[in-house]
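In the two complexes below, chain A is the common chain; its partner is chain B in one and chain C in the other.
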Partner chain A sequence: MSSPTRWEIFWRTVMGRAYPRVVGMQRERSWLFFETLLPLLQVSAFVFVYRAIQAPPEFTGFVVLGGAMTAYWLNVLWSMAAQFYWEKETGNLELYIIAPTSLMAILLGMAIGGIVFSTVRALAVMTLGLLIFRVEVSIVSIPQLLGVFLLTLVALYGLGMLFSSLFLLYGRQASHLSNLLQEPVFLVSGFYFPVRALGSVVALGASVIPITLGLDAMRQLLFPTMMAQFHFLDVRIELGVLAVLSIGFLWLARRALSYMEDLSRREGRLTLRGQ
Partner chain B sequence: MSTELAVKTERLSRVYKAKKREIVALDRVDLEIPAGELFGLLGPNGAGKTTLIKILTTLLAPTGGRAWVAGVDVARNPWDVRRHINVVSGGESSGYGLLTVEENLWMFTQFYGIDGKTARTRIRELLEIVGLADRAKTKIYHLSTGMRQKMNFVRGFLTNPQILFLDEPTLGLDVQTSRTLRGFIKDWVGKRPGKTVLLTTHYMYEAEELCDRVAIIHDGRILACDTPGNLKRHLQREVVFRLRVTAIANPEELFQHLRGIQRFSHAEVNGHTELHFILEDENALPPILTAIQRSHGELISLEKREPTLEDVFISLVGRGLREGDGGAGATEGEPG
Partner chain C sequence: MTRQRAVESIRSLRMAAWLGWQIESNWAAPFLFAIYSIAKPVAGALILVLMYTVIAQGGLQNPLFPQIFVGNAFYIYVAMMLIGVSEAVIEDREHYGMLKYMYVAPLNIHAYLLGRGMAQAIVATMAVLITLFFGIIVLGIPMPPASIDWGMLFAAWLFGLVGVAFQGIFLGGICLITARHNYFIGEAVAGAIYLLCGAVFPIDVLPKPLQLVGQALPLTYWLEALRRALLGTGAGELLSPLSDRVLLLILAGSMVLLAVLSVAFYRWAENLAREKGLIDMQTMY
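Here is the complex of A and B:
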């Protein structure tokens, strides 16, 4: 039997590591309740605030879209960035390292599994939100909408891969980073309102988190009339920046993983549990 | 280095930096393991066995010296080393609880690029051999410790590695499971000439039963390296006695001034004291018996026997493997 090539190992690893996430979802269905109905309650709170102050109905749409996209942000923080900490604790990380595969392939597998999982949550929140609150959308361009959505995910999960390299070295200490980023990003990325409301400087700074521009562009493509006065940047510019972020984060993640793996090996932290 | 060598180390060292001091885990270790050998690394907890395995499996960088696995430098080219190896560790808890045994095993084969059909065939065969075939569809969080370790074994062998590292693989397992797994190791190596196994253990009988050659490691240094037979032969000039007496206090003080005792160790077993002597000759025995009598101890049994690896270990290290590490070596109740 001939030895598998690096590419064969890479893609088989991606599929192999995505499998537990996709299959695990079906084996423990209680998550459906926690991951769909509970987030909808949070969305509802913002919807009722907007309704109480008689904001235009599109604002309900802004909130529902933001609520749906929280699934991806939480997944990136806790199931991508922090995942290597848990893998180290269970002993899986050692087996990933000693296998002739790449950690990028492991992370890509995690990302694909995570995207499948988060998309179910996002779709449920979006569908239920649109139906319950009777939100009307007028899609400007389906290809552009799909493009923005996919590029947002690529850049976002690229960022998650970059963060995961920190967990490789610092373990539990790095979880402060996830805690530190979770709520502030909900604010500065404009999950529940158009990001321009924070001012151009803050919006520009927040654009390093791909979901900021992704949300702004998707809102422009779903609610064009209202977003005409609230949009931050032109959709084409946002697409371009998202493409740059995607490539940049993936490249940085690859370099950082390689560097951190080497450093962890030298410092003896790759297999150090409970740190 | 010669490609005939599966593992080679030259003055391999690893120093851990703690807050105010340095801990030498490996101290200039020189080792050569030819391809096809079942090699044992014997030493107590903290001797440096796992550190050595971690370096050889590319999980840890050495701080001094060099190491080659399958002819490849582990520090300079870790990826190439990984194509040739696999590892099974005792007490391993790898895998995902929601997946079944066969799903977990399949997942690990994917990290080696093994195609689905080959993977499924090997999984079926190996589960059959270790007696876990009826649990193939069981989610792994339902498995007992022994079953889980059998699954880990299968994971290590599934990729048909050229060099397999077994780090305390039967640690904490019951007698029956340990025997099954030892039988499996012997069978696997026996049927595949050219495959190399490096086994670390602190169970003497495990090393004696399985290994072609054994290295005794203590405080990060290799103290001796030879076949179990040759190691024991070095001791044949001496006489080995095992005495069981009623509990006596301070055995070290009791025997320290007696002549003719080369090495001595003791252990408390079921309320009795087991004394283990390596004597220059039999004339050294009567004073020992007198000393026991004087300390109000009663002799329960006395046994003169052929030297074992345990005796070799005591003669080199100055204490038994079971002393100072929680008696882990005695848990199985197998011949020591």
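Here is the complex of A and C:
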């Protein structure tokens, strides 16, 4: 019997790690209520803030889109980056390390499972939000919209893989870091308002988080009239930057995982629990 | 026997609060903990500030802004305590693998969970104070100490916090019988109530059916009482006919009701978890 090639092992690992996430979701569906209806209510709160201050109706669309995208950011922080901390605590990490595969493949599997989970939440928030609040969208270009969305996800999950390398070395400290990256990122990335409101310098700095440019571009492609006065950069530039971030984060993640794994081995932290 | 149980409950509460505080603070570097405590609430407040400055006529001078700012600031308690108590069940069960040992130890599990909530309340108090000072100093929200009704503020604050802690126990019961993917249940429920209790707008602007749901939530009255105590007026017209005394009575009554319902629900969930062998469940996907 011939041995599987490196690529075969890579893809088997990806599917193997994605499988429990997707199947786990089917086995117990209580999350459907907590991860779809309740986040929609949270998004609605920001919609009603805008209504209370008589904002133009497009701002409802901005909030609904931002609220839908929170699903991916939370998934990247807690189910990608912090996942290695959980794996370390529950004793799985050493099994991953001794398996004849790469950590990148494991992380990619996690990402695919996570994207399925988050997409259900994002779609529910987006669809119900648009229907309930009767948001009118006028799509400028479907290929560009799909391109922006997919590149945002690739760059975002690449960033998640990069963060996860930190958890090979650190424990609770990095967990606190994930916590810290929630609300402040909701603020600087403009989840609930156009990022340009923060000023060009802050918006430029926040562009290192892929969702900042992704949201700005998607808003431009869905609400072109209102975004004419609020857009940050041209969509084509944002597409280009997202492509660079995607490649950059994936390359950096690969290097960082390798470096952190080596460092953790030397310092004996790979199997260190309660750290 | 009753005295022994009371002693056991107090000890469980105290130790859980200490443990929760250690998890929140001592296990992080002091610098990181300080940044984390300040940046998170201030960022939450700034989201609202930005929404106002971008859109609202009159910007931060809009009379609605102080009401919204205070509601948002005190809501930090709700989010942190609901998350803290519900996550404690999942973390103790799956992350630290300690929940089964809790059940074989001589402790009162309800008091233990309340203690974990108490630790979150301490961290939340710092965040609320930082947010309020940020509002007063940086954003110029008028809150002169002489005009604050301190008695009402303290009574409302206490009744509300105890009520929130018991809501956390209710969510803890749900976590006990569901998989790890409900890790964010506290955040999701806090987010949903954020809409319904009018934390960041008067519930008058909600559609009628949602107004009725909002009026059934104790947190709506909690935030109204806190706004009246701090700013002298409440938000919107719907709750304005209620006197301060009636507000406090509603809060006290709802606190007792929440305690009874939450403990009863947790016991039911606990029995179900024992029957199905879920106390030490591991769902590591």
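Please note the rule applied: the second predicted complex is superposed on the first by the 275 of 275 C-alpha atoms of A that agree within 3 Å, B and C clash if a C-alpha of one lies under 4 Å from a C-alpha of the other, contacts with A are read in each partner's own complex, and residues count from 1 in each chain.
Everything below uses one rule, namely that contacts are C-beta pairs under 8 Å (C-beta built on N, C-alpha and C of every residue); 3 or more make two chains touch, one makes a residue touch a chain.
Just so you know, these numbers come straight off a predicted model, no measurement behind them.
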Practice task
Could you look at A:Ser3 and tell me whether it touches chain B, chain C, both or neither (first, second, both, neither)?
Solution key: first
Fill in the blank from the handout: Winner on chain A touched-residue count between chain B and chain C: chain C
Practice task
Kindly classify A:Thr101 by the partners it touches after superposition: chain B alone (first), chain C alone (second), both, or neither?
Solution key: first
Problem - Partner chain(s) touched by A:Gly16 [first = chain B, second = chain C, both, neither] - result: first
Practice task
Using the superposition on chain A described above, determine whether A:Ala197 touches chain B (first), chain C (second), both, or neither.
Solution key: second
Exercise for the section: May I ask you to decide whether A:Glu28 touches chain B, chain C, both, or neither, giving the answer as first, second, both or neither? Expected result: both
Handout entry: Overlap of the chain B and chain C footprints on chain A, listed as residue numbers
Key = 20, 23-24, 27-28, 90, 92
Completion exercise
In the complex, chain B touches chain A at residues 14, 16, 54, 57-61, 78-79, 82-83, 85-87, 89, 92-96, 98-99, 103, 106-115, 118, 139, 155
Problem - Contact set on chain A toward chain B in their complex - result: 1, 3-5, 8-9, 12-13, 15-17, 19-20, 23-24, 27-28, 90-92, 94-101, 106, 262, 265-266, 268, 270-271
Practice task
Could you please specify the touching residues of chain C with respect to chain A in the complex?
Solution key: 23, 27-29, 32-33, 35-36, 39-41, 43-44, 46-48, 50-57, 62, 64, 68, 94-97, 174, 178-179, 181-185, 188-189, 191-192, 194-196, 199-202, 205-206, 282-285
Problem - Residue numbers on chain A that touch chain C, as the complex places them - result: 20-21, 23-25, 27-28, 30-31, 34-35, 37-39, 41-42, 44-46, 48-56, 59, 74, 78, 86-87, 89-90, 92, 113, 117, 172-173, 176-177, 179-180, 182-184, 186-188, 191-194, 197-198, 274
